[in-house]
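Below you'll find the structures, each written out as structure tokens.
Paired with chain B in one complex and with chain C in the other, chain A is shared by the two complexes that follow.
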Partner chain A sequence: MQAFEYANPATLPDALGLLASEWGPTDVLAGGTDLLSLMKEYLHTPKRVVNIKGIKELAGIQKTGAGLRIGALVTMDEIATNAEIRNEYKSLADAAAGIPSPQIRHMGTAGGDLCQRPRCWYYRQGFGLLATKDGQPLVPDGENKYHAIFGGGPAYFVSASSLGPALIALGASVKLVSAKGSRDVPAAKFFVIPKDERTREIALRPNEILTEILVPGAATKSATYEVRQKEALDWPLAVAAVALRMNGATVTSAKVVLGHVAPIPWEAAAAGKLLAGKTITAATAEAAGKAAVEGAQPLSQNAYKTQLAKVAVKRALLDAVKARA
Partner chain B sequence: MRTMELRLNVNGSAQRWTIAPGELLLDVLRRQGYFGVKRGCEKGECGACTVLVNGRAVNSCLMFAAQAEGAHVLTIEGLAEGEKLHPIQEAFLDHGAVQCGFCTPGMALSAKALLDRCPHPTDAQVREAMAGNLCRCTGYLKPVEAVLAAASGMAKPPRKRRAKAEVTR
Partner chain C sequence: MASAPDYSWPPMEKRKLIGKPIKRLDGPQKSTGRAKYASDLKPQGLLFAAYMGSPHAHARITKIDTSEAEKMPGVKAVHIINPEGTEIQWQGMEVAAAAAATEEAANDALRKIKVDYEVLPHFVQEADLKQAGARGKAAGERVTGDPDKAFQDAEAVSEGQYGIPVITHCCLETHGSVVQWQGDQVHVFPSTQYISGTAAGLAPNIKVPIANIQAHMDYIGGGFGSKFSPGKWAEVCAFLSQKAGGAPVRLFLDRKMDQLIAGNRPSAFATVKLGGKKDGTVTAWESNGWGTGGFAGGGSPPLPYVIDRIPNARQTFTGVSVNAGPNQAWRAPNNQQAAFLTCCALEDFAAKIGMDPAAVFDKNFAYAPDARVETYRYQLRKAADLAEWSKHWHPRGKGASGVVKRGLGLGFSAWAGAGQASQCRATIHVDGSVVVDIGTQDLGTGTRTVITQVAAETLGLPMGAIKLNIGDNSLPVSGASGGSSTVGGVCSSTRKAAMNALVKLFETVAPSLGAQPEDLEAVNGKIQVKDTPAKSLAWAAACKKIAAAGQISEMGENVQRSPGGLNTQGAAGVQIADVSVDTETGIVRVNRYVAVQDCGLVVNPWLAQSQVHGAVIMGLSTALLEERIMDARTGRMLNPDMEFYKLAGINDVGDIVVHLDIRPENDKRGIIGLGEPPAIAICAAVSNAVANAIGVRVPNVPVTADRVLAALEGRNA
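== the complex of A and B ==
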């Protein structure tokens, strides 16, 4: 790891004042589970690391008039075990509880989950976000078992965020703050498919800090279903998060968002549309799963993901209506 | 090299150490003689380096030592009281839950974190709490049994030897 300066600001303005205006020289540290891995591999070589763990206003989960506020420093364990979230925003609790180990859930933060870099093995080996060598893309003819089936390139990594799909389905937004002010960005606009190596996969700017997540009031039933190869210590192969607004047993509107199938959490609009006006049964859930994966473009080794995503949608829907409203 | 001061509490004793900003908690603890903190994968996947920070199991390989400023850290060296083993350690011995021993400190600490919060866990809760600790020797059945036994205060449960499976070809 390259040597760096460790800054330990106690306030948000102090922290913001320590960030550079371009990517590279500075990095924000919270739980550290991703940043340390990136630094060990020399993928990030910051001159200054800004630890934001001491900034008290970034902690805590609060019910507000508009819904729920989740501070960026809230750990994944807190999200998985918080009673309010488990009861009213089940898809978020599901997503956080799905994270591999208690250790990672204790360290990893909500903000870090959204800002973590892709886990694509080409990216982690230094071939960049678009995974190219001598200008040629490596993924389409390479080891693409865990890569995207949506998006169509040139980026083929999958968004690693656990909370992303559930937050988009719930219509959440994130607050991004810089020294000059703050902006609320819908979770759906926070994730970006990069077109070149200079673009980040998230809307955050280098001089900004993601301070909180705002989830609107829960008049919804929601669930997240992850398909994994094993129960412990692994990334999901395919994920579906669903959020349903209901009138009795009838769906008035639905959002279905897939995870680990595209460089961003992938909203399956067709599936949501299909469910409006229906009740959730095994048959409608299956039809929604089918609609969700229409247009998938699997690579040479990952056609299996289409089937897994389809089943994940079905199971998430059936789970959501089982859960209490 | 830049250095900084780190103040923390390890196994009940206040410490003041000089560290470099980039040093992992894992490396600093081992340098200070806490060799029960094992270096395994260094990627947060195996759990051999598990320590408790403010009562929570974390991977010390994924944490800068600097992040432990002001924290209470528990390593396996702090689990026993002098010569008297902790009930979890006794149970691991009684149940033969230790083979090579490399994963054991991390497992015992994950178990401690669980039992401190949830004194009477179910089998599923024990497995969940230990999910971040890999054993490559033998498996998880005996550690899980040991933790359940430690929880129910049975140091030495009567345990029948299993009949050898008959092999027929």
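== the complex of A and C ==
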């Protein structure tokens, strides 16, 4: 780990003043569950680390007139156990509770979950976001069983965010603040498929801090289903988050977002469209699963993820309606 | 002259400590963190070392420049391990190391070492033998009987392809040591399975006399066969200490380096064909296998496993050289591979002829060594009872309808496990205190506890009366803890040393009890005339009589060739996996895992059960999750971590049911080691259970979602 300056600001303006205008020289530290490993591997070599854990306004979960505000420093465990979230935004609680490591649940933050870097093993070994060697992509013919089946390249990593799919399905937005002002970005626009090594996989700018997540009022049934190889520390193989607006037993509108299948949480619009006006049954859930994976482009070793994503959609839908049925 | 004392174990009904479920003596130390491992040591002035390996799988080092690294702040020593001109044969192969005031400074220094490589072509994936070309070295074909005719005459022939990958040891404490080289003395605090051998292993490499090397270790965080030698890292650590003017240096590999270079289990792939009768008797075996243990190629698993008297057999095995880290013994070397290939083929044969595999296994146990045939059959019945085989087993793929399918599968094992050469010294002091000195180590298996049980039982004392010293190379020499050889060796040498000391004590106190020494016994903290408690001396009073000599100190030795009935070799073992497979996701969950295991005389059933639990957890992890993933293009191991090198957690292993086969006929055989035996059959049993559940064989372990779904699709296609 390269030596660095450690800044411990008490206020948001102080923290923002410490950021750089380009990626690289400065990193923001919250839970540290990702940043520390990036630094130990010399993938990030910041000259300055800005610890934001002391900034009080970034904490807490509040109900607002518009819905729910989740501070960037709220831990995944708080999200998993918060009664309001469990009752009204089940998909979010599911996603946070699905993180099998108690250490990561208790240290990892909501903001960090959205801003963490990809887990792609080529990226983590220094071959870049697009995973190339001598200009040639390593993933399509390489070891790609955990890689993307959507997005079409040239990035093949999968977004590691646990909350991302659920937030997009719920229509949430994130607040990004810089010294010059703030902007609200829909969660769906926050994640970006990089086309080159210079682009980040999120819309955050280097001089900004993600301060809070805003989730609109519920009136939905939601659930997240993760297909996991194991119960101990691990990443899911495929995820589906669903959010349904209901009129009685009838779906008025639906959003289905897949996780761990693309460089961004992947909205399956066709599945959502298919569900509108229907009731959720084993048959409609199955059909939605099928629609969700239409157009998947599996690589040499990950065709199985198409099946997993399909099943995840079906099970998330059935779980969502069972939850408050 | 009196004849040698009777060392034999007391009869079962007379034992007070041996055979009893006594708590692990160092449990509180370990569970509270008071136990200090070598990697915990922080002596005054400690320097931290970091270890640098090649990023390339195959390359030649053309230039190394350490000048900038040496100038880095906090850096006290830089050492080149493999000089310019060295041909690197795997990623991570050592290049240089640095010691500095902090671990971070040491790692930063390594980044400043400039190394030029001439990159050479590599080969890292052995699963497809066709790609191996000249990298494959076939061992000669081995033929027994007339396999061609036997297959022709067979009423049924089954054939399958199976694979078990390279996995790593994942010791919680990585490989390394703390070393201080001061003047002509070298102090080593290793993480080792062989404390008595540490000095001899290190001496020639650092050119210091064995006599000048002191090695000490209280605890080790896992070895599993990968920590017999001090390792290159201990030697490098010594040189760094010397270069740093004699400061203590801590060199433990980081997880990545540990995964890359500190050992692994060889892979084995094979096509296996069985021919036989419709009554389940196998008459012909044919296997063509390959695998790798690293650059040096691969070993050949002993096939067919256990049932090696099948009258007609032909087999070949090709060792494949890859540019990846070298193998080390992994808890029953070659046996998991052999058990997997044999037991899977046997269940596939049973499926082919539509028979219950339990019946097929029972029949073919006739081919096991004569002395063990009935043991296997007994253990199979016992395991079937515990797993409720008759209730839950169903013909392959013919279970209940529904998405989640349940299945049961079988596996068996064999291991030698005779006691190692071991010397022990038992000393009785005039104040009645007792010291047992033995140059062994406790790998977490309970070695401290069983030695103390044996010494206390022999002397008629409580556990707390024995002071035990282990883990130091100044103590009487004991062997490496490997091959399940420790418990038999150390218990036998301890028994003899304690008994020899006791005989001396009997000689000293006999006159005052008006008896002959051979008429005395030590029980309940007393020396008494046999079965005559009225004629006795309390232990302390008896020991006062040795004032003239000051102490009694006697040696005891286990000689491997003549263990005198105290220990022996040859453990069987039958296991059954009970799994549920989600046929929509391919995820396998373990419901229950039954392990029936003999190991001769069981010194401590709790610790023995704990050994089996540990082995089953480790084995389930390999069956369900673990594999080293190599990248063809870059030559890198892509999962040198504990993130994508997946290990089972406690929620992944299901309910583990252990039955120790402690029948009197096993007890009378003496002690047999238990490290390896229960770790052997698990991949086989799990793979067989999955096949039973879903109706089709998943050829390779670990049985991950992608493999299960591919196998299911293959069937449906």
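The working rule: the second predicted complex is superposed on the first by the 324 of 325 C-alpha atoms of A that agree within 3 Å, B and C clash if a C-alpha of one lies under 4 Å from a C-alpha of the other, contacts with A are read in each partner's own complex, and residues count from 1 in each chain.
Going forward, a contact is a pair of C-beta atoms (placed from the backbone, for glycine too) under 8 Å apart; a residue touches a chain by one contact, two chains touch by 3 or more.
If you're wondering where the values come from, they're calculated on a predicted model, not measured in any experiment.
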item	value
Partner chain(s) touched by A:Leu138 [first = chain B, second = chain C, both, neither]	second
Which of chain B and chain C A:Gly272 touches, first, second, both or neither	neither
First, second, both or neither for A:Pro46, with chain B first and chain C second	neither
Which of chain B and chain C A:Tyr6 touches, first, second, both or neither	first
Chain B versus chain C as contact partner of A:Ile104, first or second or both or neither	first
First, second, both or neither for A:Ala232, with chain B first and chain C second	both
Which of chain B and chain C A:Thr33 touches, first, second, both or neither	first
Chain B and chain C contact sites that coincide on chain A, given as residue numbers	1-3, 100, 231-233
Chain A-touching residues of chain B, taken from the complex the two chains share	1-2, 4, 20-22, 24, 42-45, 47, 50, 56-59, 61-64, 66-67, 69, 110, 113, 128-129, 131-132, 134
Touching residues on chain A, where the partner in the complex is chain B	1-6, 8, 29, 32-33, 36-37, 39-40, 49, 51, 53, 77, 100-104, 106-107, 231-233
Contacting residues of chain C [partner chain A, same complex]	104, 107-108, 111, 584-587, 624-625, 629-634, 636, 638-639, 642-644, 646-652, 704-706, 709-710
Chain A - residues contacting chain C, complex	1-3, 42, 100, 119, 121-122, 125, 127, 133, 136, 138, 141-143, 145-146, 227-235, 237, 301-302, 304, 307-308, 311
